[in-house]
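As written, the chain order gives the labels A, B and C, with residue 1 at the start of each chain.
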């Protein structure tokens, strides 16, 4: 019986895959025929000679710094607001505030970054400010939920002990809860930052600044050489942030 | 003795770190042109307000619902087809990149030979490259190459996810007990046979559950990729946003939410069945 | 009277009655040991005196004030004058010993000073002095998670010594220490209480320690006071009745360890 169910499931997956190709009308044979491949190769070839002129590199450097600033500030803002919303969401101030803040967090999280960016471009105009706000809004939802979970799982005895010797609630949180919580919060923030540097480099596609905007513009103008330099810069940026965050994790979270 | 004790060894690092943070914060704010005021400023609020007010009621005309249904199907199909293509690339790449099938390792107490390592690196480098470029950038490139529409989305997902899957598969192969495979290799079986009999039985469940989990991620990704013209819900969302059609955006967002929730449940069910 | 309980009963949330009709008067500067089998209500009695537990019925007078008729703010001020040593000290694993000790004065310090102290310890000599009395002066800048159970208990004691309360309550303060260290630590506590005229109430599992260090011994069994006598009057038959049919005590709970989750996608 179990075996039969498994077979049926595998069959279903196979049918779903075939149906997908049919529905989309993708003909793999046509996609892979020699003429098509040749055109693709010619297109790819144009990326092989990246534009390394000093003027372009300077523009890219500025774009990279913009992207980095967007991702870092967006994550930082999200960490602050996420913590502020996580406190009520973990049930610290009674259930009406708990359900209200959970609703806000879920709504913020449900809308993808790109949609937030498109909305923020409407509100704040073109440029990195829109991207930063978009990242901050979406990430607040994600981090707020993770923080709330972490808060609920932190033992309460140390904070209770502080209350018991006369400290007020804020001090009990700072001395009793925060030391246990901080490594976990930091781990979540670093993980989101790794994610946000990737997002920050593509938010420009809807006009929210950074490297993405440069890439979008140069590809629209059929300047593949410039575009390939931008992609290289994105790669470097992502790898750099990954290793920086890995190092911080080693240094402050695991220790 | 006492003088040593009264100095906090953490003071200097903390001070330096705070200074560094302050020094970095200023250019950060300048580069990102951060201005929280726009969220509260009156004129933009009224413009945004009018747009957001149009969210209710969500568009629900017959024609639009039909369109929603088609784009939702398209999104699902993009994710599924993309994953299928990604698997075609990822499985051979992971076999090439993994140290688990090293012939030399089998006869050298688990340490692969120098040449084998050298040959594995290009494959690993390729996988790193494929997954480090964000999928939406691949989508943008493919839209330029094969034109607007779902084909670009499928190819973009295939490329990015083959990098992710290949890397994780290779790690999974290496994470299980290597002795069965080594024993088979030492008794003269081929590498593929050693993989099928020595490693696959141990890793099958984990491979499947990771693949299903990635399929779920692919659905989210395919929605996002629509913004550069790669088909699906995202493309429709981009169009509606450009036309300031609040009601349509609201319906699309709700559909997206329902789709993500559904995929989450389905993926949980599948992982539970297959594990 | 410093501590006065009148007909106090405590019932835990799961319905177990921990204390029944307790009458107790302890004067200023007295040193009292509470002994009894496990589950007798020793911890409940100390938590009650520390206002960590609210009595189901009866009256609690601490330092001349009715603890549960005060406003929350007044009660916090009262709590700052009472120090409780926990059996397994609730110290955050990642907190440094110096911060954990200085946290003892949070009830007395202002808000700004307390927050500043979090970033940079403000009274290192004070913390060093408190730790040095318990032979832990060299652990000042170590994280709590790097200490053994016995060392952690001594850090908990150092925190309360630093708090310098008028009433010192100790719930099994030496349970994780070896006999020599337990002896030494208790004598430090008693000497501190004598020198500063502090009222000391300690629950102890080891009867010998209670008889050796304290002038008054209270025997607790099934949530009631079986005897309340000067140490000289406690004899063998009395102790045998107190500990009759005692079950093996459960092992103390292991110290909490910290784990950090790192999400994948």
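Here is the rule we go by: a contact is a pair of C-beta atoms (placed from the backbone, for glycine too) under 8 Å apart; a residue touches a chain by one contact, two chains touch by 3 or more.
Computed from a predicted structure; not experimentally measured.
Visitor: Among the other chains, which touch chain A and chain B together?
Guide: Touching chain A and chain B alike, sorted by label: C.
Visitor: Taking each chain's centre as the mean of its C-alpha atoms, which one ends up farthest from the centre of chain A?
Guide: Most remote chain from chain A, centroid-wise, comes out as C.
Visitor: Centre of all protein Cα atoms: which chain's centre is nearest to it?
Guide: Central by C-alpha mean position: chain A.
Visitor: When contacts are scored as defined above, which chain pair ends up with more C-beta pairs, A-C or B-C?
Guide: Contact tally favours A-C.
Visitor: How far is the middle of chain A from the middle of chain B, if each middle is the mean of its Cα atoms, in Å?
Guide: 11
Visitor: Roughly how far is chain A from chain C, going centre to centre by Cα mean, in whole Å?
Guide: 48
Visitor: So, what's the distance in Å between the C-alpha centres of chain C and chain B?
Guide: 52
Visitor: When you check chain B against every other chain, which residues touch at least two of them?
Guide: none
Visitor: Taking the complex as given, what residues does chain C use to touch chain B?
Guide: Of all residues in chain C, those touching chain B are 96, 98, 119-121, 124-125, 128, 137, 140-141, 265.
Visitor: So in the complex, the part of chain A that touches chain B is made up of which residues?
Guide: Within the complex, chain A contacts chain B at residues 5-6, 9, 16-17, 19-21, 23-24, 26, 31, 39-40, 43, 65-66, 68-70, 72-74, 110-115, 118-119, 122-125, 127-129, 131-133, 198-199, 201-202, 205-206, 209, 215-216, 219, 231, 234-235, 238-239.
Visitor: Could you list, by residue number, the parts of chain B that touch chain C in their complex?
Guide: 2, 5-11, 14, 213, 217
Visitor: Over in the complex, which chain C residues touch chain A? Could you list them?
Guide: The contact residues of chain C facing chain A are 50-52, 76-84, 86, 89-95, 99, 103-104, 106-108, 111, 114-115, 118, 160, 163, 165, 256, 258, 260-263.
Visitor: Show me the residue ranges of chain B that touch chain A in the complex, using the header's touch definition.
Guide: 24, 27-36, 38-39, 44-45, 47-48, 51, 73-74, 76-78, 80-81, 84, 129, 132-134, 136-137, 140-141, 144-146, 150-151, 154, 220, 223-224, 227-228, 231, 234, 237-238, 241, 249, 253, 256-257, 260, 270, 273-274
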